[in-house]
Every structure is written in structure tokens, then in C-alpha cells.
Amino acid sequence: MEIKEKLGAIEAILFASGEPVEMYRLSEASGVDAGTLPSLIRLLNERYDDMGSGICIKKLEGSFQMCTREKYSPMIRTALETKRNAPLSNAAMEVLTIIAYNQPVSKGFVENVRGIDSSSVVNNLVEKGLVEEAGRLDIPGRPLVYRTTAVFLRSFGLSSTADLPPISGHNRILIDEGNIES
Amino acid sequence: MEIKEKLGAIEAILFASGEPVEMYRLSEASGVDAGTLPSLIRLLNERYDDMGSGICIKKLEGSFQMCTREKYSPMIRTALETKRNAPLSNAAMEVLTIIAYNQPVSKGFVENVRGIDSSSVVNNLVEKGLVEEAGRLDIPGRPLVYRTTAVFLRSFGLSSTADLPPISGHNRILIDEGNIES
Amino acid sequence: MEKLTFSLENFEGPLDVLLNLVTKHKLDIFDIEISVLLEQYMNFLDEAHEKDMELAGEFLEMAARLIYIKTAYLLPQKEEAEKMKKELEGALIELSLCREAAAKLSENFIGDDIFVRQPMKLKADTTYRLVHDPERLVNAYMTAVSGRKIHKGRTNIENKINSVVKRRIVPVLTKVVHILRELYETGEVYMDKLYEGADDRSSRVATFLAVLELTKFGRIKISDDNMRVFFSGDRRRKKWKSKKNSEQ
């Protein structure tokens, strides 16, 4: 298979899937081996850049997703007749930050850092798709733990949680989850 | 506005819309006058052709739609189908069993038991054919209820839901949801 | 010091209030003057209370926690007090760092400016194909239902109480309330009576600390023989005495 065709296949798959596609799935379906994939995606993105294309491919942790470029958002909004969403509240940003920097964490952990029950804020972030459940803690009550999603990464212009801006001096908020749940 | 930017805007709008976009709407949103639009679309399509892109723009009765190229359909199908080989997540297993042991139940019921919105997990189970809609509840909002399917029985080697392994103590969570209309 | 004029509903819980007080009064977050913080916090609660607002439990719990720390400093062994103060400072530092990070993060929000597509509706077979042991259903169900308890029902409350008791905050507060209640009724009470039912050590310590704290605040006085406690104001005490006399 020619490189041209490989690129076409990657584009078609990402376009049709809409959602982020895991590297292994993209590789399997396109017939491009996983090692070559990142360089081909880079090639596509360079091409989009050169042409001033309205779309681009974002890397979100181990997945790729095709999206529009920021600068065209006013035009898209006009076409779709949608409005901007209400910005995230301070409380929501705070909870999102706690989860992002300490994931996976339970609601109890979040509550402990904020000193207030944050269950509904967490649920709200789940509904917005910014946060998702990530299993349960192996302690009594088996509380659910949460992590950020690809939507979160995309929404904040990150390609991985490793790219989160460092917290002044501290990399993590240092609380041992085990102590909290006692 | 440069031509490059006009092309980018058209691409972004068509990409984000998904559905066909009427010419007048596309013109209005992108700021390209309707007379010029067809020639710019032709330009984009030529470019896609040259690059062997996986996408193209189709004209349908006064509307335009961005689509994938026919020849990549099998790959796209593979990409979508590879998802089915992924084992169920813990969250999916939990939701599946809540439905299995209490069916037919609404998403609200599942959310109540788990303490978290599980709507997308239910949708995912429907997509996998493990769960299906089974009418609506006769309560305000008329929520849909769900039950397990034959695929579910097959996946767990059961011949009927009556063969579900018994659960010690409580067989069902007793929340009366009201009457179901099928 | 400047008086606080904001009200309860503007705050996301007691830590948020404390953090604001620390900032407002330029307290050193790494070495907080507990007595100043306590005073300001109490003023805040009074004001909120005056506005006829129901004080949520966590706000009172925080008051008790501050009182406890302050009281523990009166003990010859200061380790416990130091430890609790550090814990509180830690929590405040954490929250303020978290706020900083949240502010930084929210500057980068571009979620509204990036659009994605809905997946194409293709006729693809997405039917689940794997086969599992039915016993997995039981396990998953039990886990799902066990999770239910932490959101609903008693376990949650019990957990909360346990964690509070573990920090030994509630005992002092409840003892303070207990003592005041006794005194409101009678104006004077025998010390022994305050210790009634306080069988375990922590409960006795709590009573002791509660008396100490109330004395220190000038709320109550202890008789010269250390046998009785009474309100600092004389009025009630007399009332109580006369009542007692009439009973005799």
C-alpha cells in the first residue's frame, strides 16, 4: 500500500469515527503498523497546516481524533446555530483540577481537599464528559474512582495528563488516598 | 479574507455539521458569497483528489456534505468493529448486571443504584447488543426501560434469565418504578 | 481588623471561609495564628447566623476543630496541637494550590472552540462476541450494589462520623454543647455531673478540654473548691440558688 493510500485510510477512519480512536484500533483497521502511525499523523497535520485546512488531528493520550481548528469556531457556531456553553463554575474547575492532578480519585478524596461534599459537582462533570469513572477502590464501601477523559484533554489543549501545567513546586497534592478512606 | 481562510472555513463548517449543509447557510456562516461557493468546493475536492485524501465533499440538491471516500468503507467498518472485541469494562459489567437482575429498569434506576450517571454505559451496552429497550415507564418523563437480550444470554452461557446465578440475600433491589408500558 | 461582610452562600464550605480569612487578614498560611483565625471564624459564623441562616454541620464542625486546636495548645504536651495545626495548614495550602492550578487550567479552556463529529452511522456489526463465566455477573452485581451503600443509606453517615471522631473533634464540641445546655437549664452544675457517662478516656479528656475552653473564654467559672461550674454572669446562678432553696 502506497503512503498516499495509508494517509487516506487514516483520514477516512478518523473522520468516520468522530470519537477518539485508540492507536491500536487505528493501526489494525488502516493496516498501518502502530510504530509508523505517529509519523503519518504528523505528515497529515503538516499538510493541513500548509493548506490552512479547517481540520486537524489531535493526539489525546493513546488515541487520535479529528477536530476543527479553534479559529473557525465563530463560523461553525453560526452555521450550527449553537451558542457558547456557560463557562465552568469555580467549583467545577476546582473539582476538575483535583481529579486531573490526582487521578484516579474517589469523591471522598475530592471532598477532603475541598472540605465540602462535592458529589453533585463530580456527577455534573461526568455528565459533561470531562470526567469518567475508572473502577473502584479496594476498601470498604468500594467507592468509585474518577479520572479525566479525552474530552478534558481536548478542551484544555492537552495531549496527555502528563502535560498538565506543574503546580508551583508541587507535582501532586500530597494526600494518600488510603488515609482518607479510613 | 484570503482564499485559504475561506477554504478552511468551509471545511470546518462541513466537518462539524456532519449532515448536509444548505448552500445559503454555508455561504452565510463562512462569509463566502453563494456564487463563489461551488468553485471553492471544486477547488477543495481537487485538492483532496491530488492528495488521495480519505474525505471529499458531495453536492446534494443545493446542499454540501463532507463524506469519506467509498473505497475506505471496509477499513472504516473494521475500525468500528474492532471495538466489539474489547472486553466489557467493570462499569459496563456492573450496569449489565443491574439491568439483568432487575429488568426491566430505566437509566434512572441504574444511576440510583450506582450513584453516578451511567447513561453512556447503557448506550454502549445497547450498541453491543447486550441490552435493548423494553418500553417506557408510566411515570412523569416516561423514561425508557431496558432488558437484556439473547446476545447477553449467549455471552454468559445462559439459556434464560431464570438461570442467572442466584445472589445471596437480596435478589432484587426493591425500588418500585411504576408500571411499564410496552 | 476589617470586619467580614460576606455571607455563607458565597462560600464553598468552611475551608473556603478559612482560606478567605487567612488571605483577608494576611495570616501566614504556613504558621497560622489559631486564636486570630478562630476569632475571625466565630465572627463570621455569628454574622451568618444573624442573617438567619442555618449553619450547616460542617461549619460548626470546623469551629469545633479550631477550638480543639486552640485548647490543645493549653496542654503541657503540645505535639497533638502542633500536629492538628499542621494538618489544618496543610489542608489550606492544598486548597489554595488547587485554586491556583484551577485558575491556570481554566485559562487554557478551548473546549467551546473545538468541534468534533458524531460517529458516522454505518451498518457495522458491533454485537458483543466474547463469552464469560456467569459467575462474573454475581461479582459485578455485588460490587455495584455495595457501591450503592456509600451513596445512600447509613454507611456514608457512619463513615463521616467515624472520620470525625477519629480526629476527636466532635467530642469537645458536643461536650461544650452539653455543658452549656446543663448550665442554661440550671445556671450551675456539679463538675462530677459533667463527667457522668464519660467512661472512655477520650470522652473525659473532651469534657476536661471543654470546661477549660469555656473558662478561658470567660463563659463559665469554676468554684473555688473545683466542685462546681457556673455561668460567669451572676444572675442565673442566684436564680438557681433561690430555686434550690425553695426546693429544700
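To keep things simple, chains are lettered A, B and C as they appear, and every chain counts its residues starting from 1.
The criterion applied here is as follows: a contact is a pair of C-beta atoms (placed from the backbone, for glycine too) under 8 Å apart; a residue touches a chain by one contact, two chains touch by 3 or more.
Remember, predicted model here, so these are calculated numbers, not experimental data.
Chains that count as touching both subunit B and subunit C, per the definition above, are A.
Distance from per-chain Cα centroids to the pooled protein Cα centroid is smallest for A.
When chain centres are defined as mean Cα coordinates, C lies farthest from subunit B. Each chain gets a centre from the mean of its Cα atoms; for subunit B and subunit C, those two points are 45 Å apart.
Subunit A and subunit C have centres, each the mean of its CA atoms, that are 36 Å apart.
With each centre defined as the average position of its C-alpha atoms, the distance from subunit A to subunit B rounds to 18 Å. Among the residues of subunit B, those in touch with two or more other chains are 12, 15-16, 68, 76, 80, 83, 90, 114-115. In subunit C, the residues that touch at least two other chains are 115-120, 122, 143, 147, 150-151. Contacts from subunit B toward subunit A in the complex involve residues 2, 4-5, 7-13, 15-17, 21, 25-26, 28-31, 47, 51-55, 66, 68-69, 72, 75-76, 78-80, 82-83, 90-91, 114-117, 120.
Within the complex, the subunit C residues that touch subunit A are 12-16, 58, 62, 91, 94-95, 97-106, 108-120, 122, 143, 146-147, 149-151, 155, 159, 162-163, 166.
Against subunit B, the residues of subunit C that register as touching in their complex are 115-120, 122, 124-138, 140-145, 147-148, 150-152. Against subunit C, the residues of subunit A that register as touching in their complex are 15-19, 65-70, 73, 76, 84-85, 87-88, 90-91, 93-94, 96-98, 100-101, 112-116, 119, 136, 141-144, 151, 154-158, 164-165, 167-168, 170, 173, 175, 182.
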